[in-house]
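You will see chain A twice below: alongside chain B first, and alongside chain C after that.
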Partner chain A sequence: MANQQPTSGNPKVDLEYRRRKNSEEMRYQVITFSLMIFLTLIAFAAVGFSDFSGWFIVPFIILLAVIQVIFQLYYFMHMSHKGHEAPQLFLYSGVLVGALTLLAFMTIVWW
Partner chain B sequence: MHADEKFTYETWPAAPERATLEAKNKFLGFWFFLGGETVLFASLFATYLALKDKVPTAEHHLAKDLFEMPLVFLMTMLLLTSSLTSVYAMYHMKNFDFKKMQLWLGITVLLGLAFLCLEVYEFNHYVHEFHHTFTSSAFGSAFYALVGFHGGHVAFGLLWIVALMVRNSKRGLSLYNAPKFYVASLYWHFIDVVWVFIFTVVYLMGMVG
Partner chain C sequence: MSTYAQKKGAGAVIWDFLTTVDHKKIAILYLIAGGFFFIVGGLEAMFIRIQLAIPDNNFVSAGVYNEILTMHGTTMIFLAAMPLVFAFMNAVMPLQIGARDVAFPFLNSLGFWLFFFGGVFLNLSWFLGGAPDAGWTSYASLSLASEGHGIDFYVLGLQISGAGTLIGGINFLVTIINMRAPGMTYMRMPLFTWSTFVVSALILFAFPPLTIGLFLMMFDRMFGANFFDHTMGGNTVIWEHFFWIFGHPEVYILILPAFGIFSEIFATFSRKRLFGYSSMVFATVLIGFLGFMVWAHHMFTTGLGPIANAIFAVATMAIAVPTGIKIFNWLFTMWGGSIKFTTPMLYAIAFIPSFVAGGVTGVMLASAAADYQYHDTYFVVAHFHYVIVGGVVFGLLAGTHFYWPKMFGTMLNEFLGKISFWLFLIGFHLTFFIQHFLGLMGMPRRIFTFLPDQGFETGNLISTIGAFFMAISVIVLLINIIMTSVKNEKVGNDPWGDGRTLEWALPSPPPFYNFKQLPLVRGLDAYWLEKMEGKKGMTPAEPLGDIHMPNNSFIPFVISLGLFIAAFGAMYRAEHSWGLPVLIAGMLVTLLSMLVRSVKDDHGYHIHKEDLIDDNDKGVKA
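For the complex of A and B:
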């Protein structure tokens, strides 16, 4: 049984190539993780140990959360890989409806 | 490629999570479900933001009286780390290393369980120390609905991963179960995505006031 993406016609070489590619990707995942931890630390520090006003801190930590979630989606959940067009359509449709819901609840419902 | 085919390290495909038709369907269907989950959590977040600190009388505690940073920080670190350990599990799945995949999934489950125990402690603390319950105020209802629903997802994710680990423990990896493990790990990452917004919007913004 051949590999899905034979590149050299020699399965042993393909295997080594894939193995290397996998471990390279894993290294990127660990870097992504360190960045996520770093963003989390900044967000907690901004709230716990800074004197900025809420008008600055709130948009700032929401921005950090959005960046962190993009890392999570595109690297940990592999949305940056090929063949994720449908997942992007599904997820962004969900985000759009979700954003409309948030907007509606925070502006015209109960206020 | 067939789901029941026996594989070796050499013949294992590069993308086992999408190598069969069933796997492709699972992958697509699961992302569709995640789109729906996004809407569901967004409406819970919207409700929480609209009802935050809406309490009937002045004796009720508000968000800034309740939340404590060390506990939330610890929970965040546990869940973030469990996201990385499940990435490790999928790395070993792609390299056809069943034992290491099981090991990393096991670590993921332990971290998730620790998170859940802290959440139970946290809720218990709010109920007994602050009389902040599901029915005490609109704020309480919105808070427990959002955070509790996330906790419920964590509990379900743990049961799911443990069920897969136990059910497949003697089978080894195949194209039948590799997509199942992959989809469960996607679910686990999504739980973490939701938590990132919870710790930011509920806890950190709550502490800001």
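For the complex of A and C:
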């Protein structure tokens, strides 16, 4: 659309602010990335040490997976930023519908 | 590219429609294709009623009856109601939010062609060895036992057309979130746009379960899997869950746009602001939300147990609350309004008692204990025809009359419109009201004939007579459409004289770029607001500038054609040696055309400012 301002070459963009914001963003990404690798190692360790029972390991790994998904969405896919209300709404509705389906299948299909 | 005003040959027109990415033309394609399948499904309905008119009838054989019955349901839901709903969404929604097109015009076209080829594939089953015959729900224990290729046509055809629907739904969501005109906040969106928004979200969440269910069925039938075969450790009830997790939201996907159309019609012809706008929005969202919590009420008698049955019964009854909010809001919109009884308004008024009757039987069926009595009788048939015909079909017919001038620039004849309305209303109640009692007397659904002297003769004969009234009504509507198109008397921006929303501020039909300048929206019922202040049109929100437009493309047609070919290969793979090569060739056509689309940049073109300037148009010099 000819009437919209393109973002590049816009004199109003504060480059200094952008640079600071980007490096802060980068720091968060590195931190969460190392945390995610750490969580993966814990998951492997939980299976590797056979002392734990399956009743502990399975929910534990699922919990780690949930944390990883949250990291992925909020830090790598920028859902922590403003202006992501609509994607959040739809993601959470999707999670709700999916969880409901799973719940129903676990309780009333495979009885 | 100002070719739209020139006279073109038939070939050029056909090529234009095959390649178009314009939402208004895609709407017309949806209307024509949906209308065609509506006629096909209607003929199947007539065959059903003729067969059941008298006891011990042999108009069709039992096997053919099963096929007709299955194809009637499948065609009406997937190939008639869905595309007709999509036709109005495509035609009206972008205009109502003040957008120049949908967010992804290419995908819009792809969605249509996928639906179209899926529908054609499904109906080709009639000529290629028999149609599907396990009911539109195609329960696994029945459909896995079905011989021939009928069910394969069902699975593959719905898979292809379902992908098209999903694409369309996502497209509408993005359009409504991102492309509203300046000032068009969420709470200023017309109710039809709101229902499009909620429906698209339902499509986004409801169609994946159908896709999964169909995939499992496809592998069970064509590739030797055993997901639903209990002798091999599968579970046949899984299909029922998947189908209804999709199927229940699906009926809301159909009815909510009808609610949206009626909301526009009530406000327009009562010449009043819609009563309780914000509660209408709330009710629409709530119906969409609750629609996912109730699917198991279709399965009360499968043996889910009393706790599950009770939960789903209560959840189902809860839906009556937001629906009631809507009914009362419509009544209060008319209350004290200056009502004009046009054809769309007649449909809207007749819709209220008809739909409420269907809702009341819905609550009766929702009582799980009582449902054991009603289950699989004509009572259920009467219930869902009261909500689907009394709600969705009335809405679509009302929408056809209401939006016809906006889509084609001509007014349908009001006299013929009213004749077809009265014929349809009388025929509808004649056909389906008596079926409640047939059901309560014990007539089971999906039977191809019944015995004499069991008390079913009169009721069935009345029902068949009613069906003929509806058929005549549709013929009158077709005559009306042909007459109007032949006369071709063009009308202005606001042919009903009481238009409230943005689409009525545009010429009928709108130019291919919709808005020369995006309008400034200052409140709910944006166009009405301007008219009440004595203005002729909308205030522009931007200076006149170049408009960026997408290029036409033939690729969506080719992608869909590839899947259509591949479906034949997948089906005949086991018994013919050419099956596998055809499957691969079809997939290659699809994948290669997708590759072409990805690799070749298509930046569209601009309509230049100079071409838009027209001295008769006062808005241009601003």
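Note that the second predicted complex is superposed on the first by the 95 of 111 C-alpha atoms of A that agree within 3 Å, B and C clash if a C-alpha of one lies under 4 Å from a C-alpha of the other, contacts with A are read in each partner's own complex, and residues count from 1 in each chain.
Please note the rule applied: a residue touches a chain if its C-beta (ideal position, glycine included) is under 8 Å from a C-beta of that chain, and two chains touch if they have at least 3 such contacts.
Predicted model, so just to flag it, every value in this text is computed and none were measured.
Visitor: Just chain B (first), just chain C (second), both, or neither: which does A:A86 touch?
Guide: both
Visitor: Does the superposition put A:I57 against chain B (first), chain C (second), both, or neither?
Guide: In the superposition, A:I57 contacts chain B only.
Visitor: Figure out whether A:V109 sits in contact with chain B (first) or chain C (second), or with both, or with neither.
Guide: both
Visitor: Would you check which partner chain A:F44 touches, where first means chain B only, second means chain C only, and both and neither mean what they say?
Guide: Once the two structures are laid over each other on A, A:F44 reaches chain B alone.
Visitor: Between chain B (first) and chain C (second), which, if any, makes contact with A:V97: first, second, both or neither?
Guide: Touch status of A:V97: both partners.
Visitor: For A:R18, decide between first (touching chain B), second (touching chain C), both and neither.
Guide: first
Visitor: Quick one: chain B or chain C, who's touching more of chain A?
Guide: Counting contacted residues of chain A, the larger count belongs to B.
Visitor: Find the residues of chain A that appear in the contact set with chain B and again in the contact set with chain C.
Guide: Touching chain B and chain C on chain A: residues 1, 3, 86, 90, 93-94, 97, 101, 104-105, 109-111.
Visitor: Which residues of chain A touch chain B in their complex?
Guide: For chain A paired with chain B, touching residues are 1, 3-5, 11-12, 15, 18-19, 22-23, 25-26, 29-30, 33, 36-37, 40, 43-44, 47-48, 54, 57-58, 61-62, 64-65, 68-69, 72-73, 76-77, 83, 86-87, 90-91, 93-95, 97-99, 101-102, 104-106, 109-111.
Visitor: If we count contacts the way the header does, which residues on chain A are in touch with chain C in the complex?
Guide: 1-3, 86, 90, 93-94, 97, 100-101, 104-105, 107-111
Visitor: Provide the residue numbers of chain C that touch chain A in the complex, in ascending order.
Guide: Per the touch definition, chain C meets chain A at residues 173, 177, 201, 204-205, 209, 235, 237-238, 241, 245, 292-293, 296, 304-305, 308, 542-543, 545-548, 606, 609.
Visitor: What residues on chain B touch chain A, complex-wise?
Guide: 1, 5, 7, 9-11, 13-15, 18-19, 27-28, 31-32, 34-39, 41-43, 45-47, 49-51, 69, 73, 76-77, 80, 83-84, 87-88, 91, 94-95, 186, 189-190, 192-193, 196-197, 199-201, 204-205, 207-209
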